[in-house]
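Look for subunit A in each of the two complexes below; its partner is subunit B in the first and subunit C in the second.
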Partner chain A sequence: MNPAFPHRQTAHCESGVIANLLTYHGLPLSEAMAFGIGGGLFFGYLPFIRINGLPLTTFRTTPGGIFNRVTKRLGIGVTSSTFKDQSRAMAELDLLLRMGIPVGMQTGVYWLPYFPPALRFHFNAHNLIAYGKEGDNYLISDPVIGEPVVCAAADLVRARFAQGALAPKGKMYCITAVPKNIDLAPAIREGIREVCRVMVSVPFPLIGTWGIRYLANQVERWPARLGEKRAILYLGNLIRMQEEIGTGGAGFRFIFAAFLQESAAVLGNSNFLEMSQRMTGIGDVWREFALAGARHCKGRAEQSGDFTDLARILRRCAELENGFFRELSSLVRKP
Partner chain B sequence: MLKTEVPQDKELFGDQREVCYAVDENGRYVLAESSGWEPANVANSQAWDVIRSEVEAVLAKIRAGELSPLAYYMARNQMDAKLLAGYAGLFCWQVRRHLKPGPFRSLKPSQVARYATIFKTTPEEITRIPDVFEISDVQS
Partner chain C sequence: MEDNLEQELIEMLIETCRVAGPIPTDLSLDAPLIGPDSPFGLDSLDAVEVVVAVQRTFNVRIESTESSRQVLQSLRTLADYIRRNRV
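Let's look at the complex of A and B:
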């Protein structure tokens, strides 16, 4: 009824949930490893998708993508279901918990009572694990929160049936089978290959390193096109996407570097160590962008040419990542 | 980012911390606790400023008799008519109608109660014009 669950706080919710679930089921996996195998790194600037009227910039793959790919690449059995009926969704959850199975869920963050108030926005692609129930309260392991928490049933229902974009519709999932003797190496290579592909080889101007360059051009034009006030809103939104909770710093670049470092040991190839260091350096440039951007948001920037400077930093990111992913893909090319 | 450089600019998380990835003195990646980072704090408080000014604009319109009190609860819960319609199980046009003072006054008590449940408040509260507003109300 109330099993001990190996809660670990992680930077990102989705990779954290899967790493913690797999660790519980006897396959110790780090968050960074889950993130990398799931091909979590991405860049996309999608101005036609608006969130609160601001263009969407994303540094990660689509929600659910990491989970699907990790389980597929490691041959792990999962079941997942969504619901129309709220009471049925809770009854099924209770059933699994009674059997002692921890359950992952997609939720919104707005209604979660334990979430830091300043971070409560209508964002619906959060992931957490329920591992037990006491009376009317659920025992929750939320990977971005330091300790396991307790959540009342009424609040959890709200979070599971949050409305709006990416509505979770009560989605829950659990692991049914973990094969013995898993070889991480092929899964790692596949994860890296995929990230390289989306970052440099997809001929679409809004994603990958092309997308970063496109964004740089847009940033440069924001003040003239939108006026200073709105340009600053756009910029602040961009920084939030890059740095606010769950990215591990620098829009997931540091998690990915940690993954490459771990992979070097698994694959026995020191080239990946060097690549990891380079990725860390690229992450530092992204942080530089956030720092300069935030200074501008606060109105500390003097000259009006500042958006050009910001664009210059972004172009440097694009250029560095372009070279980086081309080289990385040559390391994992199929023989 | 070096482990020694992990920022500790407390603001967003209260007493909670987030973890981020940083490099220790041996060049190995470790998980490091951070209480926040100034640029992220700046961007976040900017987002709240937008919400606050929206709520204030709505309040002024309610006092001028252009909007119903429902608009206040909608704004402070960061919703638009479409999102609220999703929660209420109504059509968007119905919610938009209820944002007008007249149609809102003639709502059935059961519908008012439904809105009150969504916003975790009481039917009495939701029909009253709120007099003061603090951003900390929204962030609680």
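Let's look at the complex of A and C:
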């Protein structure tokens, strides 16, 4: 018999899968809390990594990192495996499902048939949960889809063994143990400390607030260096990374603000509520950047919106986040 | 609906995203708002404009776990979201 699974739609697949799996196992956790405890917020401009020929800008930590850190910080027992053999990978999945255990999996979005064709793209680190099987169809809770869906076995095999960057290699994972009494407070503090560290304390010019400033300098030079047409292509890609599928808006800043809001209640410290409001305000500045950039790409920019103006907004984001994370770092160290 | 929100939204979309082509007279409220099947011809970059325009016009934020993807599915989902969240 297939278990009832508490499907919730979330903005981001990895934090959504963790939140939904833990909720199923009796630890109700929001997506924002999973994202924050997992130290999900990040900034990195990595021009030497190209996706479809365009430089990578990332607003979140590496795929799989949130899951690993959440489970470690909360003392959750997990098993995880990858496979060379497709038949064995599906047999192991079926075995766990017969035991009534929901299973998380890494997949390639392009091969998932329930995604509208317009939204299918080659991204191999998409997480979803299989919670049952009926005939040859798997019952799937995909956190970025509104309702549970079904996926034929043949399609799921293709998605689990998609080729290319971040190839999932059949990766699947499940929760084996959840401690009875969990104190979220230390895990929250660890998650916050980690984000503060990567945003302001790592002396590497391409990540954190240094990276935002570096990107601002690059954006300003794009038209001269690349020509207007290619500069607009780069800009459109940057805005999509920031605002599109899975970020919850403003490059995960709004999700992080929701995490700080929840944390204020758990930690019994209203200062985190104020920080949450400030983070929302910073998210609005990121969104201002996206808006100006989108208008420029669409040829709708009026007085402002050229690449120098866009760089100015990015520098403002860097300045605001630099102050914000230094203050948050001090706050989280206080008992 | 007693209010005229859907019509207001259509006008807002046309103005904000400078929709040039003719809008079908039998426009379905459930037609996709964004993507290749959008009767307005909107894409993901337009979605940023729509989110900000909704915030400015109706003082309703679309963010965080309220996935913009879900809210921006169609005129109906967008109007419903605004009705639920405006003060």
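Some points to look at:
We take it that the second predicted complex is superposed on the first by the 329 of 335 C-alpha atoms of A that agree within 3 Å, B and C clash if a C-alpha of one lies under 4 Å from a C-alpha of the other, contacts with A are read in each partner's own complex, and residues count from 1 in each chain.
We take it that a residue touches a chain if its C-beta (ideal position, glycine included) is under 8 Å from a C-beta of that chain, and two chains touch if they have at least 3 such contacts.
Every value quoted in this text rests on a predicted model; they were computed, and no experiment measured them.
Aligning the two structures on subunit A places subunit B and subunit C in a clash. Contacts of A:316 after superposition: neither subunit B nor subunit C is touched.
Once the two structures are superposed, subunit B and subunit C can be ranked by residues of subunit A touched, with B on top.
In the superposition on chain A, contact is made by A:244 with both subunit B and subunit C. By the touch criterion defined above, A:233 reaches subunit B but does not reach subunit C. By the touch criterion defined above, A:257 reaches both subunit B and subunit C. Of the two partner chains placed around the shared chain by superposition, subunit B is the only one that A:121 touches, whereas subunit C remains out of contact.
Contacts of A:110 after superposition: subunit B is touched, whereas subunit C is not reached. By the touch criterion stated above, A:11 is placed in contact with subunit B and with subunit C alike. In the superposition on chain A, subunit A positions 9-11, 32, 116, 118-119, 144, 146, 236, 239-240, 243-245, 248-250, 254-255, 257-258, 280, 283, 287, 290-291, 294-295, 297-298 are in contact with subunit B in one complex as well as with subunit C in the other. Those residues of subunit A lying in contact with subunit B across their complex are 9-11, 32, 52, 110, 116-122, 144-146, 163-164, 167, 232-233, 236-237, 239-240, 243-246, 248-250, 254-255, 257-258, 261-262, 276-277, 280, 283-284, 287, 290-291, 293-295, 297-298. Residues 9-11, 30-32, 116, 118-119, 144, 146, 236, 239-240, 243-245, 248-250, 254-255, 257-258, 280, 283, 287, 290-291, 294-295, 297-298, 300 of subunit A are the ones that touch subunit C when the two sit in their complex. Touching subunit A in their complex are the following residues of subunit B: 1, 11-14, 16-23, 27-29, 31, 37-40, 42-44, 46-48, 50, 77-79, 82-83, 86-87, 139-140. Residue ranges of subunit C in contact with subunit A, taken from their complex: 17-18, 35-37, 44-49, 51-52, 62-65, 67-70.
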